[in-house]
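By written order: A, B, C and D. Residues from 1 in each chain.
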């Protein structure tokens, strides 16, 4: 950590501050004089140093971290890819391409089972489906909840596909004990209480990037889960909010190679939510794989115009089949 | 709601779609032909119409709401300002200027009580203080929690100031039963499960705007609380995330007159978190009041350089006193 | 165009407004009554209707375009892809993958010629190189200017590669008369005077997307060139400005399929400027091609650490050769 | 400037790099060892050091400036406020509140003269009016051009008000020789060729902030003008582009105190273009003055619904008179 002091800070104040840093954070402090500024360099483990506290000092002009503030999620300390193995043998991470597909909302047994069979046929190894739905409006359909979960369990029984579904409340963790992968939605990426509770489980967590989260904040949220003991985190890029309104969000594909360089965790992409338009799913799914994504999570509905939510971005099973073939081609070409 | 159909949609399909709209949403449908497009207008209450479902129709080119999707928070249906009266008689809304002040984090009895006395002296009528702290890093100080709450209660007893403090988990609602105003932080603005639970209370809720929430999404989150029965919502603008990095966030003061026009709820501003720099608090507090804010929530610390969090943006009690005088002057000049 | 009037607008005012619209813009006006609102639909060519003027009417609540405001760039009126053929027979658009490569800044004859030979060997069919350089600081190197152009001409003579280089001033148009493709940089995307002058030429124009331009604004800038007569516009996505600071800009790959659907113009991608990091060029070049880009423009330097500008994002010729092979593979896999 | 080297860089390479820095930039280099990193501090004038070149070095992990990259615009080297005095004695900067008002577009002699008289009456000391209009669409009204300028000159003759009007092309500089203040619009903030030409004049330049310009980039554009000799630059905040679409742009009032702290140049605010709604002009004008702005530039039109451009954000002369009174009150209250 590098601290630039304001010009004109006197010797005594510098020494006192330097001493306080050494005592409080158990670090060494290197000092050097610029033309107008004094610069302090902290040597040692600065993960626990609170940048806010440092900045609050009257004498501090600016502070810059040199080390990343995350450890468990950091590739420097864990060079090999994390690979997560599911009940059906599917692997996420480590060079595999995992296809996750299913309806935005679980609506009925026949709907979810039919879709599950279709997407399995096309190569999907995990079934997605929403039971608890985060909706901007309190007046919109909020999901089938417990009933939705049990329909997902039935579809798993029928097809053998492990399931991923979103949790919206720490109070529901017991309900999710039989879910294969628990999803944390973009709106809850910084629901730290929930993250800590999920960190106590022995179960993969799919952590979506917040709508305006930086890559570092996203990794810090993974760190919240990992710091509690659960190392099975799957990151999911799903677009960030920008001024451009043609798409619902702006898919940030640069994040894929960046996160894979900073962290050992697998990273998948959700082109359906990112764009909000079904016809954009195919080109962006292909681009995601070409950029190095470990997998895709795609909305598939047997009857998009009648979907209870987000139909506009759902593919039909036939369309998904085409996308699955195309991304597999891309993957082979890499 | 106005629905533009894709060019080339045939008569039969239009009639079927039109019929389905009437049946499903109990609305009338007006149709008109443009040069290339057919346009449908829905007449009636469209609050419950899900825009996503409409957009999912193959034949739909675009959809636009004419009515706001919120009702309880809407000034059209509740023209008079909502005014919230606290235990000490302080009023929030309705032309009053409410000053809320206190430390970012509660640290000790003497700290919080001393600050409480000072800010009361300067005109603050509500004490703020964090007991449960949302922090980006799991390794940062997370607040004194229950102990923090009890220190706030003591400070209230000493000074008579009602308290506002942030909740981070629905599981803590009972702990907060004696808190005067419960704050929902920016990161939880769309934690819908929490909002619904708070909607069942009979207690004012201070709802901060999410870091990248639109004004409409912010009002929809207020609607979540109000739809459950609790009408005492105070909105708090605290800056939005933009590309500009000189300030922590970009304070969006246009939101003040806009929200006051769209809604009857009181709106206050948090210039401390918005800017992240204590020297910017004064000019932006003044600007907020000039723009029509119903109040300010300002971080005050008796020893900012030693504050356990966010010291960089805290004022000393002396500085707060100056700001309080200046904003009162502005208020009188309006 | 759909105009929603404010509730309570009286009959006479509506009729007057409606009449004025018909007379001024030579359109038909359809009217329909909602529960609270009156909605007017304009039927006819609304390209020249100024949305600002409509919004300024006291009685107008909101306005929405149904037709795109561009014509010449619009695929609806020109369904076939525009294909631009260069002096060496290279084609841009129409399913071809064009590789454009070269140094950020032209520095010397040997530098640019050596790079030109290398990238031609690897499959590039156009040479890029900056002679006039837009720099944020007046104290940074501003390019070799005329001398830079003459070095590019020499490199073209040696290799047969047509050249693309950026213009910064309408006063330089004569200097650029022998340039094969004139580039308009992101900062000048809305330098309308320059665009109009370039519209009078018979020469391809490479139009970069502005740093915070919407897709529609970008197409409107192409329309400025095309409205003057020059139909040879090549669009170039190069990243947009967002809150994420890990990359210089956020590459918006969704823009590729969108622009190709809205317009017949070719679209290429500049992964070098978008990311600002050479190690990100390869994955994002591959993603761009997978998303359907018609080409890539990539910075290549024989000695990146000594490049006079933007070395951080330049590939060596060897690295470019690898990227060229990989994107060609991806293209074949599509 | 602080340079962090990648871990594992060997002694010899560090020494060579360090030596090259000293020779190339005439600076001293301080070195210190962290746990994993080597950090270099450059001591001396680093304004001309190109950050891009440094970042391009294979061995460099990150670079951070300590000094601001602008000099002429920097308050450190010019502590007193710049005050610009106009022909009518009006002063911009130095604690004065300057009101600039007039129509978006000049339309006719009677229109502009009538408005000029009215706004002068209300306290405006400068007349604004557009003759050359930057418009997103080539099919929108582009201004009266030369004729517009001559109408402005007539209005100045009638009222004595100096005029400010926007230039769109360096080719027009001679036409503007009799203009009092030349305005550079947001879209041309980084039209560096134009800035350099304006830097050779002896005339105040009103430099609007670009739609997505950082504060530093804005000051660097001022520096372009000042580096050529012209020190009379007036900065104008007019909103930045964000995801929030209720307002046209998001007015960034934090920029006012920040720019006034970093620079000695006067800063004014354009609430009309920032918000795009006339009813928001009053509250944001008041907020701007409360935040410390040196002046306001406001659109006033005698007949907003018939204005040829941007009528939606124009005030009538009566409304402007009210705003002028209110902001004068705020100014007195400061």
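Definition applied: a residue touches a chain if its C-beta (ideal position, glycine included) is under 8 Å from a C-beta of that chain, and two chains touch if they have at least 3 such contacts.
This is a predicted model, so every value here is computed, not measured.
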Farthest chain from chain B, comparing Cα centres? C
Quick one: chain A and chain C, Cα centre-to-centre, how many Å? 32
Determine the centre-to-centre distance between chain A and chain D, using the mean Cα coordinates as centres, and give it in whole Å. 39
Find the geometric centre of each of chain C and chain D from their Cα atoms only, then give the gap between the two centres in Å, rounded to an integer. 26
Give the residues of chain A that touch two or more other chains, as numbers and ranges in rising order. 212, 241-243, 245
Just say which it is for the chain contacts: an open line, a closed ring, a star, complete, or other. complete
Chain B-facing residues of chain D, complex: 212, 214-216, 240, 242-247, 250-258, 261, 274-275, 279-280, 283-284, 286-292, 326, 329-330, 332-334
The chain D residues in contact with chain C across the complex are 47-48, 50, 52-53, 55-58, 69-70, 134-141, 168-171, 187-188, 190-194, 196, 211-212, 217, 220, 223-224, 227-228, 241, 304-314
Using the touch definition from the top, list the residues of chain D that touch chain A in their complex. 2, 4, 30, 32-37, 39, 41, 43-45, 61-62, 64, 66-67, 241-243, 245
